[in-house]
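For clarity, chains are labelled A, B, C and D in written order, and residue numbers in each chain start from 1.
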């Protein structure tokens, strides 16, 4: 660990694991991580134990950190059981050890001025938005939250949103709670009403694309945290790329783990994600 | 499960794991296994959980079984932490699940007559000898036990031996308890004094070879439970072979998982274990 | 969505009809008898027997195995009782149990293969012959038959000649070649009814105690889930080049989804090998899981998915709401 | 027993002196900068940089990876900034940090390899050049250079010509060939100072959602502990055939013992690749563990064990009382 601002790697003890709706909240003892954390950072957890056949770390947005207290600093992630790696995490309990690397990635950029902000979360994508809301409020920004999910079980933090934001709206696709529909169905109204200068978003790619569009239509900035499959999470492997337009107007395939996961919504070529656009730098030639 | 006398495969719940000296005793809830078990049978445990990189089961002698009781039948094994598989087992606790196949192998052959028997165990090799002692005593045999290990910590069941045998002797290589030396240093005396008709043994290969020699010198039968690396434990892979002389005087490479692990000591070609003797059936040709 | 019960698992493999596409792999199920304690072997697609040679063979010295990450190495050296004993004892047992028997044969010379083909071909109760060509060719400085398209084809030609027409002959290929499609084309041209892919890939492990190779045979065959991506690639490449040739997919199959992956990559049936050592009940578990995997994707038969991965993804399929595809 | 401190880890690799035998593998450490957050990259034996091509390259579409049992598949497609940017930014950074840089180069034609060799060869701060020949050869219907001894040798010959004498040139071999020793002999005859073994082996994975290949590039390279036995076998075979040729052992190295296994199989140094993704601190952890593994076996240097597994086991070694060797 030579760079004091960089990520730390540690064998973290599990303090607790709780279930809330469809999700698990895992609290890890990770001294030193809290101090380095900004909203939007993520953590990479090794899964399956020492002889595991699962080689790659799993990435999770950092939900909350505590700087010290009894346990010398903790870190919370919220996760959904998706496949075998998250299934293994869902069997961890107090005193188990989970190897963690954190904080990773580039966090949400905060506005220099006291401006209204809208924070949009899809499913567990709301996890990183609460510390973001805290930071924004500390800076004097007004914070509005829009959280959505397919169903109430998959909605994360609706109550917390009511506490940490000046206004909050909830949507579910099945109408089990809040407005029936998707976050993007209500977003335009919220952005318009609040006069938001920045829209922050975390959730599935299709939602981010839509959010970036709404923000742009209202002349607001957007900051979107993407989720691309990552092999290393630390910038060495080039698996996690997506096409992003640079300051010079050129499209490059950039690494979402170190140049993201948070990107300016107007810079990501959303409809080209999963491809290498023909005008991207270096795209001319086919490759081995 | 078509054959009612064959092995059962089940996801067994851990009832308890206790440490005794260098060893762990793992008790698994395994209904139906007890009824099928004879002394000398072994169990094959899957290790590492569902996504484990450790593909092969680990074999352990069955130490004890209980037919029913509150938990509907249990099975105990005694193990030593040797490598990653046993290290994983040593982290199992109540309610954890371990996939088990048992009982496997060919058990100790019991004498038809009421004869004196000597039971010899090296390290955890004593584990299967206590139920054997019970069966032998039930048949009216006199039972003498000789247990040895490198040091007291690695001696298993010395107290139990005092209870279940008519006489017992303990040896340790460092002299930390009992006679300083190896089981074979005292064995000849015990076999001679007891007039044993059968010597039963379980332990490392070198010990078994020596025991078989002592038994033969005294005109006694010997029944030795060997420990060969096994990939399948059920007779389908041919990894676990050793050279054994058949009734016809021919040496064959026989599977220790289904034709053993218990063999007549005078039939195993101890000094040729690990080789294919030139006079073994089918040895003439080199192989792919 | 069809219920799992309604999924038709029957497959036609080069003219033989199997109740389902799951077979045991040669050398991983002996001749079926031991597995009968865990399930009814007649319920399998077929039992592929351990490669049999003409004479009894003692095999290689121990240690014969080494566990490796998600796999294992073996150097058994084709230990076996020889063809007489096999035809006298093991094959009749399978017939009595009404299990379909695919007999795997192995030789060191063309003459041995021919003799084995005659003996096996004239025996009742043989559904198909699988030719293990991953054996050293004594006439060619011990070079493995499977590594040379010309030698591989010669083996298949002599075997085909002596196996009755109605009994398909499968050539079992090794992945350890530069041009797998070239070998596949050569053996098909020589008369192979289909291809079994893959045999183990050559590996080595070092013993921490002696710092020498673990295996008595120095090198050994690597198998298990570790090699599944390699096996899938082989099936994919050969099916791409020769879409009409029946393929038996083999290598690290552990779950019903793994079996499905081999089918869509181009295999008509699959074999389960090393995973049996981990889970003796695996073959029939995989049959049940395959049924579920097909049903939840709204397929009504196993046959209809063979080679599917070579066609462009349709939206309807991609959109099937699978468990594990999240909508947050 | 020498204390771990007293073990001399220095190795001579084809004339270059390294403080220890542990390097990062190409494509698994970028150009070292990101790993500097986890340890001091100057403490490594060397940093092998991601294969660089002449021009900037955008690589393959995503998904570019799939996890597989104890391994992964990748199809990055050699994304990179091109040689100008590499020589202008990344190489100088390594030099400033006083890390030893082994520069990996990749081309689609002989001309590209030659041009890269000239550019890299004339740059300061290059300890060695590694030639990634697992690239499709546009002049030969896209056949990978490494799969043809003749084409592989031609690449090495043009590179060797333009790299200064004091800078060793390593040819990085693919395991996907019938005759690995043949390729090794060809590239050594063409001037390779040593061999890097192995590159990934070709694999494929199927996506459970679409039932189509997961990877944007359809097939991809399999790496990680799953392929370690295959890599060890390759090192063993080539060292057996050419004991004097320096070998860099690569493939699934996760622990100090794994590194030791490659050394005794015949490698002079090793590279750590995929395991970095699992454990970014792995390369220096492995250095420390290797030191311990040597010391507990009473070795005083890393150099002395190279190729040891090819000599008969001595009793003294076998009897060393290792933890994990039980005396009950």
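Keep in mind that, in the parts below, contacts are C-beta pairs under 8 Å (C-beta built on N, C-alpha and C of every residue); 3 or more make two chains touch, one makes a residue touch a chain.
Please read these numbers as outputs of a predicted model, since none were measured by experiment.
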Checklist outcome for this item: The chain pair with the larger count of contacting C-beta pairs, comparing B-D against B-C, is B-C
Checklist entry - Can you give the whole-Å distance between the Cα centres of chain B and chain D? => result 45
Item to check | Centroid distance [mean C-alpha coordinates] between chain D and chain A, Å | outcome: 35
Item to check | Cα-centroid distance, chain A relative to chain B, in whole angstrom | outcome: 55
Item to check | Residues of chain A touching at least two other chains | outcome: 51, 53-54
Checklist outcome for this item: Residue numbers in chain D touching two or more further chains are 69-71, 224-225, 324
Checklist entry - Considering only which chains touch which, how would you classify the arrangement: line, ring, star, complete or other? => result complete
Checklist outcome for this item: chain D contacts chain B in the complex at 69-70, 225, 324, 326-328
Checklist entry - Once bound in the complex, which stretches of chain B touch chain D? => result 51, 53, 80, 82-83, 122-125, 149-150, 154, 173, 203-204
Checklist entry - What part of chain D is in contact with chain A in the complex they form? => result 27-30, 34-40, 50, 55-65, 67, 69-72, 74, 76-80, 82, 106, 108, 134-136, 144, 216-217, 224-225, 274-281
Checklist outcome for this item: As the complex stands, chain B meets chain C at residues 1-3, 6-7, 9, 46, 53-57, 99, 101, 228-229, 231-242, 252-253, 258, 273-276, 280-285, 287-288
Checklist outcome for this item: Listed in rising order, the residues of chain D that touch chain C in the complex are 66, 68-71, 73, 147-148, 176-179, 201-206, 208-213, 218-219, 222, 224-230, 232-233, 236, 252, 257, 260-261, 264-265, 297, 305, 308-309, 313, 317-318, 320, 322, 324-325
